[in-house]
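Note that chain A is present in both complexes that follow, paired respectively with chain B and with chain C.
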Partner chain A sequence: MSTPQNNTPRNTISYVCDYQWPIEVELKGKSLIVNVNHVGDIRRLNDALGTETPVQAYIYRDAYGSLETLDVDPDWGDIPIVLYLNRLGQFRTVAHKVEMLKGLNVTVIFTGEESRACVDAQILASLGIHSGIKLTPDSPLSDSVLDLITYNFYSQMPHADIEPFSTMSRHYKGENYVSPSLLDLENPARYLHVDAKHRLAFTRDDLLAGNVLDFTSDDATDTLIDDAAQIFSRRWQQWFVESHPCTFCPAFRVCKGFFHAPEKSTERCTEVMSELLEAIEFERKKCENHSKKPCQL
Partner chain B sequence: MPTIIFKATEACNANCVYCDVVHRKKPRTISPELLRTAFERFNEYLLEHPEEEMQIIWHGGEPCMAGLKLYQTALEYLNTICAATRDRFKFAVQSNLTMINQDFIDTFKAMGIDSIGTSYEPIHGVRGIGKKRDSVLYNKKFFDGINLLEANNMGWGFIYVVTRQVLDRPLEIFHHLTNLKLSGGFDLHPVLVYDDAADESMESGITQEEFADWLGAVFKEWWPNRERYPHVDPFATYLKFYTGKGDGLGCCDAPTCGLHLYLGPDGETAQCGRAADWDILMYGNIASKPLSEIFADEQRALIDNRKNVLPDTDCKGCEYWSICHGGCPLDAYNGHKDFNRRSDQCLSKKLFLKKYFEPITGLKLPKPQAQSHE
Partner chain C sequence: MANILLTQKCIRSCPYCFARKHMHDAPPEDILKWEDLIYIVDFFQAGGDNSISLLGGEPFLHPEIVDYILYIISRGMHVTVFTSGVVSEKIFAQAVDRLADVDPGMLSFVVNLNNPKDTPFSENETIGRFMATFARFTCLSINVYKLKFDYSFAVAAINKYGLQRHIRLGLAHPIPGKKNMCIKPDQMSLMATELIDYLPTLEAFNIRVGFDCGVPMCAFTDDQLGKLFRHTGGMMSFRCGSAIDIGPDMEVWSCFPMSGYNKKSLFEFKNRQELCEYFDSFIDTVRTETGGMYQKCDYCDNRLRHLCSGGCLSHALNNFVNEAHIRNENVYPSK
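Moving on, here comes the complex of A and B:
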C-alpha cells in the first residue's frame, strides 16, 4: 500500500482520451492514448505534443471504412497507431500498401462481419502486420474465431500477432484474470480514461456513464490511483458474491463474464473461450520452453 | 509434534445447512482464567519436553466470535507465561473470514500465523449469515476478509464440503472453485452427517459411492488440466503417493492420530473435535490435568493399536492400506461403535482410486518395501 505522503505524479499510467478538447495543453506531460476522428490528425497532433507528452497509441475508428480506402501516411513512421476498420477491402489494392504498412507501427483491428473480419485479420497477420478482430459481448463467436485462434497460437508459419488473443496471452500468468476487454484498454494498472472535464474512470463505459473516480486527472496521485485501481480490480468478486452462472464456467479466467447477456446461452462462449484458454496455455508453455538456455557444445 | 485443536469458542456467526454442531449445542466460550491455565499447561509440557514443538490451531465455531480480546490475551500469555518456550509454538487458525479485521490479523501475525484456512460455498442457501442464511451477505464479508488477508500478504486455502445439493453438478462446482482460486489451493471433502443430526443436515448427506463418483467426475477434468490448477486435493496428494513423492497423510488417513488433541471452551480435552462431539475418548479437563498426563491417557492405546489389528481383520489384503490405514478411527466408531473397524469412508477412497484415479492416470500404488503395519 502506498503511503499518504506519496504524492508524486504517476508516470506509469496512460490517459485514454478523445481528441476533442485541447489535450495538448490540458494533459501536457502525461502519457496518452488518443482517440482521433481523422487519420490526418495523427501526424499533426504527434508533432504538436512532441516528446514531452508521450503518446502510446493513436486510435482511429471507422465503422464502415476499409483498409483499401484508408489514406495511409508513409510519414507515420514509428508513431504507434491502431486502426479499427470494418474490413480489408479489395486485396489487389491493399497489396500495394502492404510493404508500406510493414514499415509503420500500425495495428489493424477489423470490426465488420465476424467471418470476414477473421479472414482479413489472418491475411494481414500472415503478411507480418499486427492485426486483430474486435470482439463484443454480442459476437456470435463463429468457427471463424476458432480458426483464427488456432492460426494465431498453433500455426507453424511465421505471422504477426492477432488481437485480442495475443494481448490476452501476454497478460495471462496462470494466476490472474484476463478478458477481451483488455483491447478496450480496461486495465487499471495501465490505463485511466479521461474526459474533457478531466474526470477519470477505468473503463470508457464507466466514463461515458458518469461512473467516475472521486478525483480528476489534475489531482491524481500514485496513492489515489493505486487505491482506486485496487478497488476496481476486485470487481470480479461481485460475480462470486452473486454466484453468477459465469463463475461456473471453465473459461471465466479468460473472460470475466465478457460475453454475458441476460437470456443468452453461454454454451458457445464457453466452448470458444475454453479453446482460447487452452491455446493461451499452449503458448505460455512454448515460451517457457524457449526461454531455456541452449546447450553449449 | 502435539497438535491442539483449540476450540476457544463454539459460537459461530454462520449458518450452514449441514452443520451438526450448530443444531446440537449451546455455544460456549473459554473464560479468561481457563485461557491462562491452558497456556500454563502448554508451557509446562514444552518445558518437560525440550525437544518438542507444539501446534495450536484456533478453531470453532468461528474463532473471531470469541472476540479480539481473547487472542490479544493469548498473545500476552504466549509472551509472558510461555516466554521460555515461545519459539516452539506454531499457530494456525481456521476461520470463515467473515468477521476478520485488521486487529485480528495483527494479532494472528504476531503469533506467527501467515496463512488462514477457510471454507467456501457457492450455492446460495447452503451457507449464510443468520437465521435467514443470507449467502450474499456471507460471500460479501468473505471477500472482504480475503482482500484484507491479501493486503497483509497472508495466504489462504479452503476446503469445500460436498453435499447432496451439488451432487449433480461436480464440474460446475469445480470450475467455480478454480475460478475463485485460480491455481487451486483447496481440498474436497464429503459432508459428514452423524446419525443423530438434525433433519436438515441429514438431507445434505451423501453416500460413499456418490462422493467417489463426484470426485471421479471432477478428476476427469483435473487430470488433463492439472498444470492449470495443481493444488487441488485429494488429487494432488494421491498423485504424490502414487509417484512415490508422498510427504505425509492427513489425520484421517495416517496410521495413528499421533499427539492430536481437542481442547474445548470449558477446558475439556478429547482425542479430537469429532470425539468431543460424541463425548468419547475424553481425556479430562486441562484445569486439573497436565498435558503430559492427558497425552498419556490409556484410551489412546485404543487408537494406536488399530494399526496392528486392522491389517488382519477389516483391512486384510487391502491394497490401499498404505494410503488409508483404515481411515479415521472416530468415523469407524461412528459407524460400528468399535475403533478397531475400518471407517466407512474407506469405501469412497477405494472406489475413487480403483474406478477413476488408476484407470485415468495409468498409475498403480507402489507396493510397500517391507510388509509392516507401519
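Moving on, here comes the complex of A and C:
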C-alpha cells in the first residue's frame, strides 16, 4: 500500500476506522481508511460514501481465509482494497482470478505461516499483483523472508511491489527512520486511528489500549494534530536516551525496535533487517543514478 | 527452452532409459519448490524465452504439477510436459478439471509411448485415458532402442485417440559407463533403413516424424536423406548441442546423457546467455577432444561444415569411461 512521504501536507491526513458505526455520517467529508468485516460491504459502502468522503483504502482481514475461497468482485474496479488473508490456497483454483486481480486495485497481504506466506506473496508479485507478508514482533524471520527481500530488490524480472519492503523503501530517504509498522498505518504524518467515540490515536494498539490523544476527531485542528504528531514522531529518540540495545543495531533505521521483546535474542532480527537495509540502500542508489532530468524534445 | 525436472522419481523402468543413472543418484524426496520454479521462470523469461518444458522422472508425480503448469501459463509462457501418461487418479482429476479448457497454444503434452505389448495392462489403460482426454494437446514421442522396431503402435494410438499427427522420434542413447538398451553405432544405418521403409505408412496416415538430437547424418544414404527431407519439409537437424536440464535441486547440466558430467548450480549463472554459453563451450571442448561416434567423423566433411555433430556425445564418451585420465578432464564423469 503506498503512503505519501513524511513531509506530506497535513490536510491529507486520513482517518483509519472500523466499519462498525455510521461513519458515512459521522466522518463525512474526511479522508478515510476503512476496516470492513465483509468483502461484500466494500462496494456497497463505497457507493454510499460517494466522492464526498474519499476512501484511501478498504481493509479486509480474514485470519483463516485464503484467496482461493475469497469472492473477488470484478466490479471493485479501481477501489483501493487491502486483503489480509492467511494464505493463497491452491494456485489451480486461484489461476482464473489472476487476470481479474491484475485489473483491480487490490493488495494481498498474507498472514499465515511465514515461509508459506513468503512463497504466496512471491507468486502473486511475480504475476504482477501487489502483495506482501505481515511481519509481527514475533515473526521468526526465517530464510524465506531473506529470500523474499532478495526477490523484491534484486530480481531481474519486473514484478509487483512486495510489502512491507516496498513501502519501507519508498519512505526511507537515507537519514530518516522507518519500520515494518508502516504497513499497520503507523505514520503520524498521514494516519489517525479513530474509534466510535471519535477518540484518536496514532496507532491502532494505542487506540485499543485507550492511549488516545486529548482531542477528538470533532475538534481536531491542523495545529493540534501537527503538535501531537511531532511528539509521536520523536518517540524513537527516547530509545537512544535510554541507550536501548536496539539502538546499537546497524539496522535500527529500518526497524525502530519493531522486533524487540524482553529476553528475546536480537541476533536474527539484526541479521535480517541489516540485509533489508542494505537492499533498500541499493534500491535508493539505483534510483538516484537514474534521476537525470528527461531531455525536453 | 529449458527443461525443468519437477521430480526425479519415475514409475516406469524403460529398458532404454538414458536418464536412469541420474534418477538412481537422486534423493527420492527431491521435488521442485515454488520459489525455485519462480526463479527459473524469471531466469529464462528475462533471457527472452517464451517456452518451458516440464519433465521428470514422471512430472505428474509432483503433487502441484497442475498448479505449476497454470502458473507458467499465467506468466505468458508456453508449457510442454513430457510424460508417460501414467497419472494418478487424484492428479488426473485435477488436470481434467483445470487444464482441459486451457488454450492449446499455451500447453502441449508429449507422451512417451512404449509398445503396449511390453507394457502392463493397467498402465495401458491409464495412458489411454490420458491420451483420450488430452488428445488435442498431445503428440507422441517414441524411443527407438532396438532394431526391427515396431512403429505401428504409435500409428494405432494416434488414430485411436485422435492425437496430433506428429511423432517425436528419439534414439535411445547409452549412459556412459552403464548398460541400457540403445542403438549401437554400427546399427545406425540399419535403423535408418527400417525407418525410411516405414515412412510411406506414416505418410499414408498423414503422420510426420521429427528427430530428437543424436542421429548422425551418415546413418542415411543420400537417397534416404532426400526422402527424409521431403517428409520433414527440410526440418531436420543432425547437430547435437546442450539442451539445458535443471533438476529439482537447481543443479543444471547440458543434457541427460551428459548428466554425470560437469553439473553446476543454476545460481552460479547471472543470466540465460551466460548459462548457454558455458554449456555450449563445454560441449565444444568435449567434442574437440572426443570427435564423433565414429572414427571417420574426425575427417568427415559434413562434421567440418557443421551439418552433423557426429551423433550423440554419449557414444563417444562411452569409450573413455574406464581409461586413465590422460585427456581433457571434461571427457570424464564428475567424481
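Here is the rule we go by: the second predicted complex is superposed on the first by the 282 of 297 C-alpha atoms of A that agree within 3 Å, B and C clash if a C-alpha of one lies under 4 Å from a C-alpha of the other, contacts with A are read in each partner's own complex, and residues count from 1 in each chain.
One rule holds in what follows: a contact is a pair of C-beta atoms (placed from the backbone, for glycine too) under 8 Å apart; a residue touches a chain by one contact, two chains touch by 3 or more.
Since we're looking at a predicted model, the values are computed, not measured.
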{"item": "Overlay on chain A: chain C relative to chain B, clash or fit", "value": "fit"}
{"item": "Partner chain(s) touched by A:241 [first = chain B, second = chain C, both, neither]", "value": "first"}
{"item": "Contacts of A:126 with chain B and chain C, given as first, second, both or neither", "value": "second"}
{"item": "First (chain B), second (chain C), both or neither touched by A:98", "value": "second"}
{"item": "First (chain B), second (chain C), both or neither touched by A:157", "value": "second"}
{"item": "Partner chain(s) touched by A:282 [first = chain B, second = chain C, both, neither]", "value": "neither"}
{"item": "From chain A, separation angle of chain B and chain C (C-alpha centres, steps of 10 degrees)", "value": "110"}
{"item": "A:176 touches, of chain B and chain C: first, second, both or neither?", "value": "first"}
{"item": "Which of chain B and chain C A:253 touches, first, second, both or neither", "value": "first"}
{"item": "After fitting on chain A: smallest Cα gap, chain B-chain C, Å", "value": "24"}
{"item": "On chain A, positions contacted by chain B and by chain C", "value": "none"}
{"item": "Chain B contact footprint on chain A (complex, rising order)", "value": "1, 174-177, 234, 237, 240-243, 247-250, 252-253, 281"}
{"item": "Chain C contact footprint on chain A (complex, rising order)", "value": "90-92, 95, 98, 118-119, 122-123, 126-127, 144, 147, 151, 155-157"}
{"item": "Chain A contact footprint on chain B (complex, rising order)", "value": "122-124, 135-136, 139-140, 143, 146-147, 151, 169, 171-173, 175-176, 179-180, 182-183, 221, 227-228"}
{"item": "For the chain C and chain A complex, residues of the former touching the latter", "value": "33-35, 38, 41-43, 45-46, 64, 66-68, 70-71, 73-75, 94, 97-98, 271"}
